[in-house]
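Here chain A shows up in two complexes: once beside chain B, once beside chain C.
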Partner chain A sequence: MTDTEGLMTQQGADGGVPALRTDRLGRRYGKVWGLRDCTIEVPAGAVAALVGPNGAGKTTMLQMIIGLLEPTEGQVKVFGQASRANTTQTLARVGYVAQDHPLYRDFTVAEMFRLGQAMNPSWDQKLAAARVDALGIPLNRKVRRLSGGQQAQVSLTMALAKKAPLLVLDEPVSSLDPVARLEFMRDLMAAAADSALTFLISSHVVAELERFCDWLIVLCHGHVQLAGPADDLLGDHRLLTVPRATADSELPGTVIQRTDSDRHSTVLVHVGAVPLRVQGHAGWQADPVSFEQLVMAYLQRASLTIDADPAPAAQRPGPSAKAVTR
Partner chain B sequence: MFRFRLDGSSGVPPYLQLVHQVRQALLLGYLQEGDRLPTVKEVAADLVINPNTVVKAYRQLEHERLAGGRPGQGTFITAAAAPVRPEAQDLRDSLEAWLRAADEAGLDEEAVTALIAVARRDLSKEKESAR
Partner chain C sequence: MIWVSWRQHRSQAIAGLSLLAALAVFAILVSTSMRTAFSHDDLAACLARSEGTRCPAAITAFMNSFGSVVNISFWGVLLVVPGLIGVIVGAPLLGRELELGTWRLAWSQTVPRTQWLAAQLALVTGALVLLGAAITAVITWYREPMDRLTGHFINRAYDFEGLVLTAYILCAFGFAVLAGLLLRRTVAAMVAAFGPWLVIRLVVEFMLRPRFQVPLTLRQSCPQGCNATMGLDTVPPQTGHIGDWVLSVSISAGKQVATTYQPGSRFWHFQFIEAGIFVALTAAALGATIWLLHRRAAWTA
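The block that comes next holds the complex of A and B.
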């Protein structure tokens, strides 16, 4: 479990039980679907990013994964076992760091830990104490006297000490200043190196994500737009520069986003694993896409689709929106 | 201890940047056979990057037989630095001469970089179509 250098072995093994799997997961609020048709898989040992704008359905999805919200349809499996909302088994298998780091403000750090110990049979007090010691947070300090960054780190410590194999973090750094943000992520990456845990981190900030995650899930309007290993997703897409007159149908692969200038067009295409040959076409150029370009292209495409089609949810062919829509 | 760095704007995947840095340090003699590379955790915390990225880079280095893991001890450089071939010095001299000519012709740094990029692209196209 703690062999640092063997970190990725479980991820590479095909056929291993995924840390997380959702099957056509959906949640309806009254007549509106907050999330629908969500089928994803995250392998054990991955650091997965769940990306999407505010209101995309990220929190709905996370709450169903951690077992706080009952799905309207579909199901969640954590390490192969079906999750039931609000049961002890489900809650014990998933650690959770909430967006606003809810802690009792009048408790000391030690008292927060005692609470964690009382509520979690698998609580690791040694780990908790060693972590705050290493971070320089005094055990006898009251929560309200800690900085925002320190509160976030106490929240993370509590989730880690729970010893759950899957850790879910909902926008963990959105309330922190840039320095505290970096320190929190540094601590999180070190924790990831120290353990065989699987992480699912939601974020509406796309910049810098490439550094932190090896698995990507892009969510928009309650639907999964793109999901998979980050390196493969990057490798499957190209940014083409072509003469303006080139029609979409002449382009290789699937057009995800196209920007037309006066004489040339920039097109982000999904080409898959097939090597792309552009030398036969005068004026064509193919470049690799950046992480941010990829995510933004899918998010913008999702917004266009929604605007153009008032009821897209039911007509979607599958969960991974690879179909051409334009 | 060898320290890695990361350029967020280069467009090169982070794991490849780490691999490139080891290769380059070997060529320049900054890394030598027997040197220990920082642990996965050290690199992850130092650069604030996903530890799986570091694992992937180290795997690649092992695959290229430049480094090897010793159980419980870490990852070590296993390759001797490639001897600098005599033609490398000639190439450097001619490159310097070219850069001087470019400077005299009034090309600024940006223009030089663009020119090199274009020449490189043409060359790789040439190679690709020859295959």
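The block that comes next holds the complex of A and C.
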């Protein structure tokens, strides 16, 4: 992990204080670790995607970041300040939209905002009122009469009006229908573009984040598999199509995932910043990877590693660590 | 937080006030006719002269008219009502937040959850104390003519006058708040809190209360044959003083009556002891809730 720490310092020096930094963060439930050894960094102003299958530890991680949950080990820093669960200082720095966007169903929208005002010293009532007005949500309507998409919007509005510099959204669209998903993501990105806020958005559906996020964190089995700027991560990987007989050792870079078909193999490799030359090899073809291919490759690799060996993947040296620390 | 807590408990507050209003209407209707009968029969003068020994017929008539409705039917209802009030208010306080997932909203605002809970508990407990005091006042006023005949130390008056009724409500509330945290379900928490509350309530009434202080024993010899009775209708009680709580009466060899009793002067002492027991249970349950909520910063959705 020395590499990681070196990199973190560099990035900190480049981009000022990171909006979020977790340092070997872990949480144990009884004897089971829900999340372990999780070191990530999100620069200020980024829109970061936290991707992983259900049960990967995403909610655990987010709840430790916002101060709802005390880490068993490790530390969370938000804008350079260490977080402690259940304290005013920590809660004030992070806005949170929980999964399924819980609201009090017998409250009106205006009453939800009054609650926000009563419980947040920096509450921006103008922003809240203007935002639901623009969305066409009546202030005097009861929450239970709103559609799922509107409830999600009210939740997001409350998190924005809290005026916290870091916003954490846990599976914000998983309970919405496809149209509402699209609308919500569009509005979320408009809000992100209008503000200097940092966003951390978790999802188990990669596709819905692809167009919006400039930072990617892949979480699986309670460990970080891949983390960094989305463009760099995409640039560092290639999808090679090679004759099936080609051995892994002949391939450039590190093999992340290999799929063999009758005559060809499709291999996702991590090549780093080194220019890749395939002209010399007959029958080789190199393509850029998509967001989804990249995420799926790392998730599948994590599953295979776990199946083959109970030792956690991210603790072992190898391509995973390289990818994280690139 | 005051507004938040008020808004969340508004419908319960309205229900509580409606209950109080219904009780007051019932009390006014019954108590007015009871007061009319009491003065019509001139019971006050009789009680002043002889503690009721000289006017048994008038007392019997009065008891026949009102004894059943005031002392018996009402008791059954009021035995469970403080517990029901307590669990209905207490169980959702944490149980509903955890059941519906709104705790993630409530506790991610800029108010730490222990502060949130402290504010909620302070406001709701205060409201319950006011409600309990109001119910107690209504019942005390309502029973006043009856109490002049039976005293208020007998079980069916003692339970609703003084301090204990409020303490019963608080205890059921405390149990239900804790149960809501542990079970994370509103209805389950109501049931889980009500059962133990009722058991404790009855154990205290029938097993502990007679022994809060060592009872006194009065021995009376009766050369012309003993005629000892006890019960609500015995006015005055075997001790001859209205207000004494007779625990048992036994006749030995047909010549002597032994009456064990708690003298009426101990009423407030007993009220403080019993209210103290229930308030201590409340404090233990709420203290455990605050401690658990502070320490166990872990709930998955």
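Note that in this section the second predicted complex is superposed on the first by the 298 of 326 C-alpha atoms of A that agree within 3 Å, B and C clash if a C-alpha of one lies under 4 Å from a C-alpha of the other, contacts with A are read in each partner's own complex, and residues count from 1 in each chain.
The definition used in the following text is that a contact is a pair of C-beta atoms (placed from the backbone, for glycine too) under 8 Å apart; a residue touches a chain by one contact, two chains touch by 3 or more.
All figures in this text were calculated on a predicted structure; none of them were measured in a lab.
Number of chain A residues touched is higher for C, counting chain B against chain C.
Judged by the touch definition given at the top, the superposed model places A:296 against neither chain B nor chain C.
Shared-chain residue A:17: touches no atom of chain B or chain C. In the superposition on chain A, A:110 makes contact with neither chain B nor chain C.
Legend: residue contacts after superposition of the two complexes on their common chain; A:119 is shown touching chain C, with no touch to chain B. Of the two partner chains placed by the overlay, neither chain B nor chain C lies in contact with A:129.
Of all residues in chain B, only 6, 8, 11, 13-15, 39-41, 44-45, 47-56, 58-59, 69, 74-75, 125, 128-129 touch chain A in the complex they form. The touching residues of chain A, counted against chain C in their complex, run 27, 29, 59-60, 66-70, 85-88, 91-92, 94, 96, 98-100, 102-107, 111, 114-116, 118-122, 155, 158, 162. Note for the complex: chain A touches chain B at residues 4-5, 7-8, 11, 45-47, 182, 185-187, 189-190, 192-194, 208, 210-214, 231, 234, 277, 279, 288, 290. Here chain C touches chain A in the complex through residues 1, 3-4, 7-8, 11, 100-105, 107-114, 294, 297-298, 300-301, going by the rule given at the top.
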